[in-house]
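After this come two complexes, each holding subunit A, first together with subunit B and then together with subunit C.
Here is the complex of A and B:
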């Protein structure tokens, strides 16, 4: 359907109650402006968000699944990195 | 006769004015819906369908109001599905066939830019009901203008072929824009009542907006022609009858059908 020369964009939406933009999917568009309009039409039809980011998929650098062991395994046995040993004060929100 | 009574429009003028707004949105929405499943990309399919739904939503609010003004117990559905072409008061421009994608977007820009100025003025008009509807429709229309203007610029300032096709579409559709600004008795009565804006004021702002888009799109503005169309008076091109035949088929074949 979509012309193959339309590049792919990744879409990030911030919901009304959300604090950060979350990845929701991807779409095709010729440029960033069109990608924003498409994202509005495709991903916010049911009031999903109040802000949209789009980025060309080709501009996103991703880790290689083959590197997963080297990247992520070393963290597995370092439980002390989780801040679960601290009492969190009431006043601290959104931690 | 008091001053306020002198400036109040006849109920018939108000009804016809509201029907013009309603039918223009309804018929354009129906036209755009023809693209569903046929647009050049899935994303555009949804984009056009969204605009169609906005327009049909506007038409519903306006037709409900028209039904109340009429006071004959008809509903919005009866007005949409059981009137014949001569009773439809939409602008002739909106019933013109979709043609290719570029032509559809040229038509959309010409109409949406007009609705934008109209709703902007109606938002603060003397008719509270109309003002409410205009305020809601205005937000939708701002997006319609943005969407259609982006495409007209992209195609006009695109390849030699896309440029030629949208220029052709513009040349063919331009003669229908005369009707947008041709004030008749109904318009004059509504202007006098402090409801409708002056056509000349709307035209000046519409023209400036269209010129800015055409310049960016490297398209040339066609010369204005003598306007022979009067869709808002119920005199239509042959295209409307075919549209209504399809749109009204179900209610005509199975009166009162619901689901």
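Here is the complex of A and C:
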């Protein structure tokens, strides 16, 4: 159990080498070192990871879901960024 | 710090040009943005419609999105009760760690109890995303104002009870939890996926204990049967009041927090568990239990709901003992928490001094 003054940390785990770290959850800890040890005990009891990152939740900036439409709008009409946008005749190979 | 990659992590998640006041949106964040709480009432109808449509499309609702207050309250209540159940659930089994019959059983039981603690942590952190603090929730549990699953107010009298808990109680819990993996609230659904993945071992180790006892000496068989006799009905009651009595079911199903009714889940549990009891050559303590060809379900006897309500209201065999155990654990851990805080403060102060002198 925690004390009221213990900050919240977000936990990111790399499940095996070659893969990216992925957010798995959060926990309270007195400092980063304790957060790493608790993250190991809470999130990797079955060898789910080879590396852990922890970051204070208050240090993470994120986009606002209410503004998501406007925020991601610039990419919406740029379908030509996908290879399937271009019609290439069947007989052309290796393209 | 042992992870050389950590500084990189910090720099890559920081998006410099954002206003940090409105920007924080993380899984376990315990304070909600002001923008969420001050919605002009004219917009409420539009937001509600958008929320309903999203739920209807089976899209997940995430922490900082707008949601109806009642949805938030329902989730806080359900997730925190669920978390408390995991934490209190450690007690009946912890009772047998020192007396497990073999080293293998002891190691398994420790691992299982540790899992329950971990499940409590996943769930508290999911509840915190809804704007309630961990300390508030823990305080509610210790004050006796929060509910947890009544099943943990029954005592574990013999080693066979550890088998029966794994087989029946965890079996019922899994039945309840699998549909919650598809719950409309993202953090709860994700916590539940993790929990269900781990829970299956709990049930199988329990069944293995029952199997060993059921194939053992007459005294061991009798012990297994006695455990089944005592745990069957409380396990069947774990699914909560019947559909006709359940206050929350209809709304929770509309919100896709719940996917099946209490009675549907209970029937499913009985249908899969009764043949397992047959396999063990143990007798389910329900004289009316029998297979019904017509419905392809088991029929069973009346549940004694007066017992259910008695235990929920705090008059079960162990309600007081469980809370007392939690309170004293909390008190006895106080000096550890204080020491950790003091040590962290000292370390920070030393780092500041080094920085200043450099």
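Quick note on the criterion: the second predicted complex is superposed on the first by the 79 of 95 C-alpha atoms of A that agree within 3 Å, B and C clash if a C-alpha of one lies under 4 Å from a C-alpha of the other, contacts with A are read in each partner's own complex, and residues count from 1 in each chain.
Keep in mind that, in the parts below, contacts are C-beta pairs under 8 Å (C-beta built on N, C-alpha and C of every residue); 3 or more make two chains touch, one makes a residue touch a chain.
These numbers come from a predicted model, not from an experiment.
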item	value
Subunit B versus subunit C as contact partner of A:37, first or second or both or neither	first
Which partner reaches more residues of subunit A (counting touched residues only), subunit B or subunit C	C
Partner chain(s) touched by A:6 [first = subunit B, second = subunit C, both, neither]	both
Which of subunit B and subunit C A:58 touches, first, second, both or neither	second
Footprint overlap on subunit A, comparing subunit B with subunit C	1-3, 6, 27-28, 30, 33-34, 41-42, 45
In the complex with subunit A, residue positions of subunit C that touch it	1-3, 5-6, 9-10, 13-15, 18, 20, 22-30, 33, 35, 62, 64-66, 111, 114-115, 118, 121-122, 125-126, 128, 133-135, 138, 190-191, 194, 198, 330, 333, 337-338, 340-341, 343-344, 347-348
Residues of subunit B defined as touching subunit A within the complex	40-44, 46-47, 50, 143, 146-147, 150, 154
Residue ranges of subunit A in contact with subunit B within the complex	1-3, 6, 27-30, 33-34, 37-38, 40-42, 45
Partner subunit C, residues of subunit A touching it in the complex	1-6, 8, 10, 12, 21, 23-28, 30-34, 36, 41-43, 45-46, 51-55, 57-66
